[in-house]
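Letters A, B, C, D, E and F name the chains as they come in the text, with residue numbers starting at 1 for each one.
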Amino acid sequence: MDLLDLALGNLLSPIILCFALGLFAALARSDLTIPEAVAKGMSIYLLFAIGFKGGVAVDTAGFSGTLVGALLAGVFLSFALPLIAFGLLRVMTALSTLDAAAVAAHYGSISIVTFVAGTSVLDSAGLTYDGWMVAVAAAMEAPAILSALWLVARSGSGRQMDSDLWREILLNGSIVLLVGSFAIGWITGPEGLARIESFIVSPFQGVLCLFLLDMGLVAGRGLRGARGILRPGLLAFGILMPLIGATAGAAAGVGLGLGTGSVMLMMVLGASASYIAVPAAMRVALPEANPSVYLTLSLGVTFPFNLTLGLAIYLAVARMLTGG
Amino acid sequence: MQTHPAKRVEIIIEEMMESRLCEALLKAGVKGFTVLPVHGGSGRSGHWTRAGQIGRAGGMRAVVCIVRPEALDTLLNAAFSVVERHIGVVSIVDCEVLRAERF
Amino acid sequence: MDLLDLALGNLLSPIILCFALGLFAALARSDLTIPEAVAKGMSIYLLFAIGFKGGVAVDTAGFSGTLVGALLAGVFLSFALPLIAFGLLRVMTALSTLDAAAVAAHYGSISIVTFVAGTSVLDSAGLTYDGWMVAVAAAMEAPAILSALWLVARSGSGRQMDSDLWREILLNGSIVLLVGSFAIGWITGPEGLARIESFIVSPFQGVLCLFLLDMGLVAGRGLRGARGILRPGLLAFGILMPLIGATAGAAAGVGLGLGTGSVMLMMVLGASASYIAVPAAMRVALPEANPSVYLTLSLGVTFPFNLTLGLAIYLAVARMLTGG
Amino acid sequence: MQTHPAKRVEIIIEEMMESRLCEALLKAGVKGFTVLPVHGGSGRSGHWTRAGQIGRAGGMRAVVCIVRPEALDTLLNAAFSVVERHIGVVSIVDCEVLRAERF
Amino acid sequence: MQTHPAKRVEIIIEEMMESRLCEALLKAGVKGFTVLPVHGGSGRSGHWTRAGQIGRAGGMRAVVCIVRPEALDTLLNAAFSVVERHIGVVSIVDCEVLRAERF
Amino acid sequence: MDLLDLALGNLLSPIILCFALGLFAALARSDLTIPEAVAKGMSIYLLFAIGFKGGVAVDTAGFSGTLVGALLAGVFLSFALPLIAFGLLRVMTALSTLDAAAVAAHYGSISIVTFVAGTSVLDSAGLTYDGWMVAVAAAMEAPAILSALWLVARSGSGRQMDSDLWREILLNGSIVLLVGSFAIGWITGPEGLARIESFIVSPFQGVLCLFLLDMGLVAGRGLRGARGILRPGLLAFGILMPLIGATAGAAAGVGLGLGTGSVMLMMVLGASASYIAVPAAMRVALPEANPSVYLTLSLGVTFPFNLTLGLAIYLAVARMLTGG
């Protein structure tokens, strides 16, 4: 299967088509909406299911040194990528230090839905991956926020970290749920999974479809309202930066000797940008930064790019690099 | 029915700052407040609605706080210290209340 | 199986009993409620599932001329039925032109839940139907609104159609979701279905049960508040009109040479009255029309009638006409 | 704390008309408003609540808009042009605001 | 635009008492009111929010009722008879309304 | 399997670990929350599923005299337990008559989620139980409220029962849904179950997991805010009273000659305390009683105790008593 076939196969999968439907409905100004509570419920379901399955996989495969290496690599990437992103933004766009730092934080962190979509592409390609990659994803959520705060502090402005902010960053809902369900899956193992399998395994792809429909609606609404913000430089950054992040992820994955599937997921983590945890942290830590810039870029440009073209590219490259 | 003069303060603020504002109000000696959900809005940072959102970054809350007239200034100072760097709106109205001993 | 058996079998199915439970709870003023967000979430699920399965069915069975014929017949029925309804209302009731036109619009349009309940009656009777009937349902949602506006315009009052109103009518959430998921099902075909089957096929009947529980609650609350409105003439209309609509649907179905199942569904589409899309459009286009009249009639009279007796009658007649 | 006089306008309106009202307000030069969800209510058209509803026809919204006193009339005209033929309620209260430059 | 003086009464009350209050208001001849959901709050009985609650015991509602000045006292008496033994807050503000015939 | 093994096995099941995760997240002040509408939706699902399955079980096993005996015993327990609880509270704590009566009502009534967790412990121990035990649960919800009102009336204060209050108590949402779905399950029997099995049976344990996550969050938030309230005497009551209730339940169960599983469930019903139906009734009937006392005690102390240690104890005792 060559790159084009792969890209097309991915583009014509139900989850991408659902995203496209949402995007279309929002851009066409249809009144289709998914209630906030339902969208949040679905995201809780997805986090719980992906964490639990990851924990069970670690219980089955056993704990390994590679896992620790991958965790450290993930944390390092999350700290380092915002610095690259910040440098690029200062060169490619006219954003202020503050806005640039806020955007940079998003690109060091990760998008769990892009990760999930990546695992689903691997599944349909018949490839396996290490269950603990979901722990790497959790570890990469927060460090990027600290890098961004450091970038701002260096330039003299910015708020001091207080203990509330620390707690909000390290114990934010998605980290707690992901790590918690990972631990539960690890403790209860395959017997635990057997009891809730028909809840978290079989309906998973279907829930992901409806969730991506909502993501498409939200992204589309964002794009509609933000035509003035998306200048060429910013747009180019939103597509260039995931490719850089994916390259860094690939280097880490190959360096650690991971298999094809896990290298691809490492690339996805490097490439994806946060749109839930980091924006919330930015509203507290850097309230003067403009939320429409970072939300539009992360959700309206990078997320669709990764979902439609990125995943296919990362898989092809991961295959090439690992001979898988 | 016997009523007593008071002030009704309404603070529209980002959801992320809700807990900080509430703590500041309590620390300033306010005896109570009520938090209303907000569905959407418009301002200098554009138009938004809550429909289908999954993050908490976008949402807002309306905090309504009724106080005795003499407590107004302490309240406003407390609120302002939180709202200062954030988007949000503070408005004050003269009102009458029943059961003044509660405020 | 004769008509009585069929009616009884239908009346004692879980979905109808759930509706009855909701009706009872509301009339007895129990505080049982289903949160609005959950109800909306279920209706999104049902629309998505029914649309997707319809699209897959077309992909499997292939596109046919009959499909185009059925679509055209559906659009024609949706335009024509309001004219009949309007005439009847002016004779049978004391409603004003405005109120009569608003009510008429509901009866030209359709109720997707009645349609779904119809497919579930067919399933338990072991009969098949054409997957694209769901596309006919989507096509019949909107034309009736235009007929009603024309009826009002003719009488001199009424608002001019503006482009916003056009968009709201043609791109309302349920049409976009139904047509969109139909298209996704058609594109991804049986492989797409295989990936999300355990989400949209197996739990479908169960979700329908809970959804009908909510419909019963809403209908019951409506009836409780609307005793003054439901005069004999109006009540009679609410039961006579679905029978007329079903007759028209039967004529169209038999004329097109459809099979037993599809003829029955065509009758259901003719017989059912909208209570989501059309009321919303009426609040914008004819705000002076009284919403309690049309909501009570459609949701409190016609919907329960179709669900309990109507479906059994339509199936028996469809069998008779097609010898199925 | 320094406050400035303003007007707080509250418009309770059908959900279906929300987007039209918001557009009319913005066109009338209003700098911002906040939309609150409504759970239920009562009026000449009877009593209703939102619980378990699936359509959008039944719902309402409360739109709160704070403006400088001199902008009140433009706002009311804009709002009235939308509300006119529809059910709904408009009320105006004198208030004080912090940070007057925002309105 | 022509406006008319009226009173805006806001009653914050436990969800369990909502239906009783609404009935009392209607019995007292009030022509309409609007019920807003409440997300959380604080008072003598502590701090609470609605997130993830499953019971109805914890929740509150805000009931907004606009009346002609001369109807205020009847309204307050009706409201007070319900609120009396319960937690909750009643505040009254002078306002102006459009379309006075509706109140 | 001895008691310790059983307790540990229960403690390490996914559902208890999910509850613990919620408790931890709330105590650590994470911002993890489950939207109210989703939590309510899950509780409706659980009530519907447990009721329906119970009804089907009665249809399969046939109606029996024991069922009537168990119902009467349940109603008697629900009336009697509050009197014991009230006496204990007056001795062990400094609560006022009013507060003591309100707390007592909770312990006569039941918690359906504890019941469900009990059935799930039985399932993993490979034990069966009578399907109609869910009807006993429904019958025990309300009588305790009347006992509490009588206790208050005796002391001279308290409100007179009005017809609204009667309706609210007897037709509260959870009773109507439980009894209603029980009836629907009974009427439609195994064929009805077959149609919605993949909705109400297979995903049940998974939904229970997420629901207990939310219960943990709510309990943790309650405990955090109520340190001042939980004095030693009250705390001791919160653990002693379920043991007394379980003893009474055991006596009733053995007296009626029930099997091991049903005796255990009877103990669970006696031991568990309400936190949905009774608090709501108390806010109407005894508004001067302090809600933080009864909610903290029931949800923050007794519920976790039953879930973690209680269930294991009750099962061990039920086995001993019935030789099962």
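As a convention for this text, contacts are C-beta pairs under 8 Å (C-beta built on N, C-alpha and C of every residue); 3 or more make two chains touch, one makes a residue touch a chain.
Since this is a predicted model, take the numbers as computed values, not measurements.
Engineer: Walk from subunit C over to subunit D along touching chains and report the minimum step count.
Structural biologist: Tracing touching chains, the least step count from subunit C to subunit D comes to 1.
Engineer: Chains shared as neighbours by subunit A and subunit C?
Structural biologist: For subunit A paired with subunit C, the chains in contact with each are F, in label order.
Engineer: Centre to centre, using CA atoms, which chain is the farthest one from subunit A?
Structural biologist: E
Engineer: Would you mind working out whether subunit A and subunit F touch using mostly the same residue numbers, over half shared, or mostly different ones?
Structural biologist: Under half shared, hence different.
Engineer: With chain centres set to the mean of the C-alpha atoms, which chain is at the far end from subunit F?
Structural biologist: The chain farthest from subunit F, judged by C-alpha centres, is D.
Engineer: Centroid of subunit C to centroid of subunit F, CA atoms only: how many Å?
Structural biologist: Between these chains, centre-to-centre, one finds 41 Å.
Engineer: Please report how many Å separate the Cα centroid of subunit B from that of subunit E, as a whole number.
Structural biologist: Each chain's C-alpha centroid was found; their separation is 18 Å.
Engineer: What is the distance, in whole Å, between the centres of subunit A and subunit B, each centre taken as the mean of its C-alpha atoms?
Structural biologist: 34
Engineer: Could you grab the centroid distance between subunit B and subunit C? Build each centroid from C-alpha atoms only and quote it in angstrom.
Structural biologist: Those two chain centres are 45 Å apart.
Engineer: Would you pick out the residues of subunit F that each touch at least 2 other chains?
Structural biologist: 31, 33-38, 40-41, 198, 202-203, in rising order.
Engineer: Where in subunit B do residues touch two or more of the other chains?
Structural biologist: 36-37, 47, 56, 93-94, in rising order.
Engineer: Can you name every pair of chains that touch?
Structural biologist: Pairs of chains that touch one another: A-B, A-C, A-F, B-D, B-E, C-D, C-F, D-E, E-F.
Engineer: Help me check something: in the complex, which residues belonging to subunit E touch subunit F?
Structural biologist: Result: residues 14, 16-17, 20, 45-58, 85-87 of subunit E touch subunit F.
Engineer: Sort out for me which residues of subunit E touch subunit B in the complex.
Structural biologist: Interface residues on subunit E, with respect to subunit B: 10, 12, 36-44, 47, 49, 60, 62, 73, 76-77, 80, 83, 89-94.
Engineer: In the complex formed with subunit B, which residues of subunit D make contact?
Structural biologist: Answer in residue numbers: 1, 3, 6, 8, 22, 25-26, 31-37, 61, 64, 66, 93-99, 102.
Engineer: What part of subunit A is in contact with subunit C in the complex they form?
Structural biologist: Per the stated touch rule, the residues are 12-14, 17-18, 21, 24-25, 28-38, 41, 124, 198, 202-207, 209-210, 213.
Engineer: Could you pull out which subunit F residues touch subunit E in their complex?
Structural biologist: Residue positions touching the partner: 33-36, 39-40, 43, 164, 214-215, 217-218, 221, 225-226, 275-276, 279-280, 282-284, 287-288, 290-292, 295.
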